[in-house]
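To start, the structure itself, in structure tokens.
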């Protein structure tokens, strides 16, 4: 087994070391260096970037990011689970329904975000419809707020919950549910007592796949939030572009990663490795 | 298996939610005016999109990159998931985990820094290959997660039975486990393809002069305001992939 | 199965490589990286035809985007178009190739004030291209019309105003409102500007750049902090849109072409820049891109209504109110960046 396993793991190890860990090490190094006079990196080595982080404003930014990402993840799971359940039970047409979920997501993420801008604008479809129907008398400010950002994130990341949930649900042993029915359990009880607990790996996978990108998102908050709030992703992006302060940007990135890892290990101890 | 009607109704609603915004975008792609006011049917935006060499080149690039990256990441990722399922490797699992936790902008910047350092020795430049490598790098973790979630639901004793019956480990994997997890692998490949085709942040940082991708072009166009050309492109992509999915469905049931 | 995958993968990769090789052309190539919508559609084809070369023309939306690509020194681009205050950082990082003035006979076509610009007095490193400035675009139905930055703090416009999503521009507006320079380095002044911007934030709809254009045209937005080129595009689309340069003064951004040190086609690059300096070419670029050209020869041959367009070619007294944006020192840059974060997070 060991030799086969070694061969199986080798390609991934190569990719991970050269294309992920090595670059990350470079960024780690950058976080301890100083910003060059006009951008870029120079010596000396310093802890300054990290010291700058000890500030209330960055905590506030972190908190807001957690809140938005958390809300989006929860919604994605709630919306995605029934859909994944449906697909897993649709017999011969599984791949078709799966493809139907993926279809919107082969257009660009940006296009999907713009679709919501198109719909939510003051002169967009939603407001125009509501005005015509007489439900409202002046356009609702649907765009450029946190709700719009969450909506955009949910819309963008929904398949990331559907796919892993489907992968787990599809393999679910139907006989368990039949047995439950035989024992007199109602469908709802079977759902909450059997299906959901057994799909825990899929739920965890989906949650991770949505929460993390949402935490570091910056396109969606920027486009749908009107640039009025700063999430961690925006902060980092700003450091690497406008501010040209790579050391500080690297420091923020690494702190973010550390915070998330800590959080995940606290909330799901042992699951961290159990997940992979 | 008794179908619950409530679930089907929900599914309809969910699919509507997923598709309606794009449907509306597509409808307005036929609008002769560039504004939200319907002014008449017109194909001018499609003509503009198809005649835009930058767009078509970028679309082609995106496709090639996504196909190659999906291939490698699915193969590597599936094998890796199997290996980890057999016996966990904390460093590898931890690294893959880390690669998921890292924000895209950080991955992108770190790869850019890495390439720039590397190219001092290799006299190479950013291009399609650097993008493909970057995509494989971040797609593998997604594949591993999905396939492992699937592997968790597979009965390990099946392989043991195969081994008892005289198969070697490779055969046990190939003929027992792999078919069992194939739907999961397909799902993982779909996910990897989507993530790759769709990526903007990392790609925009490591793309070279000749390797512009579709998201990059769309972002550039859309940044300047609502432009129906974007609507036309998205409609074309949806139709293109829709047909692909339909064809693959036909082949599958044939 | 594994072997099949491998073979398929190898085939796919080689196919991809083969395909990209097929599309390669034998003519000499020039790679140009410019701002979006900053050139006439036929300029590049004309150059390609006249000089028998092939051009790859890439676009970007911000200096930072361009910088991130070229910082490494092996981006593949030959010519880029930084804003004036970015030339110094490029130079400091050793990314710029010197300009051979004798290879640019058309340099004399430039307007006198651009023959000796602040950031490069002898034009050793860059050649001015176009100029942009920031002001206020508004809906003509507004009464009274905005005249100064202070009008962007008007509570009557709550929810119908946008400011640029750009730290330099938006802080610059606050600074100007308080009577300071857009290039202020004094921490006390910057802090007051920050407070002003935070005061303004609840009144804003959003921080938007080019996106505000369509919303202005459609009437969603009544007043927008906007660059004059974007405003001109809005005005082209709708007679209801107007533009003013605020009374307190405003920031001016000259863009210049720069040849990268990594370029292996220095002479061809010079030929392109010289081509851009031809009055007819420069005029066509300014006309289609709706921009202000730095080329005096071009200005002479522009159609009169464009040449006297107050948005793009304002009267001398308006021009006098403008202030060039300059490169800021790292300490100020850091302070400003921190203040911008506070404004955005407020």
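The letters A, B and C name the chains in turn, as written, and every chain counts its residues from 1.
The criterion applied here is as follows: a contact is a pair of C-beta atoms (placed from the backbone, for glycine too) under 8 Å apart; a residue touches a chain by one contact, two chains touch by 3 or more.
Quick caveat: nothing in here was measured; it's all calculated off a predicted structure.
Comparing the chain pairs A-B and B-C, the larger number of C-beta pairs in contact belongs to A-B.
In this assembly, C is the chain whose CA centroid lies farthest from the centroid of chain B. Centre-to-centre, using mean CA coordinates, chain B is 34 Å away from chain C.
Separating the centre of chain A from that of chain B, both taken as means of CA atoms, is a distance of 15 Å. Shown for chain B are the residues in touch with two or more other chains, namely 36, 75, 226. With touch defined as above, residues shared between interfaces to two or more other chains in chain C number as follows: 65, 68, 71, 218. Among all residues of chain A, those that touch two or more other chains are 121, 123, 240.
By the touch criterion stated above, chain A contacts chain C in their complex at residues 35-40, 57, 60-61, 64, 121-123, 141, 143-144, 222, 225-230, 234-235, 238-245. Contact residues of chain B toward chain C in the complex are 35-36, 64, 67-68, 71-72, 75, 112, 115-116, 119-120, 124-128, 174, 178, 204-205, 208-210, 212, 220, 223-226. By the touch criterion given at the top, residues 1, 3-4, 7-8, 10-11, 14-15, 17-19, 21-22, 24-25, 28, 36, 75-77, 79-80, 82-84, 86-90, 92-107, 109-111, 113-114, 117, 133-134, 136-137, 140, 142, 144-150, 152-154, 169-170, 173, 180, 183-184, 186-188, 190-191, 193-194, 197-198, 200-201, 214-215, 218-219, 222, 226, 230, 233-234, 237-238, 241-242, 245-246, 248-249, 252-253 of chain B touch chain A in their complex. Listing the residues of chain C that touch chain A in their complex gives 62, 64-65, 67-68, 71, 88-89, 92-93, 159, 165, 167, 201, 204-208, 215, 218-220, 327, 330, 333-334, 337, 340-342, 344-345.
Contact residues of chain A toward chain B in the complex are 1, 4-5, 7-9, 11-13, 15-16, 19-24, 26-27, 30, 79, 82-83, 85-87, 89, 91-112, 114-119, 121, 123-125, 128, 155, 158-160, 163-164, 166-168, 170-172, 174, 187, 201-202, 205, 208-209, 212-213, 215-216, 218-219, 232-233, 236-237, 240, 246, 249-250, 253, 256-257, 260-261, 264, 272-273, 275-276.
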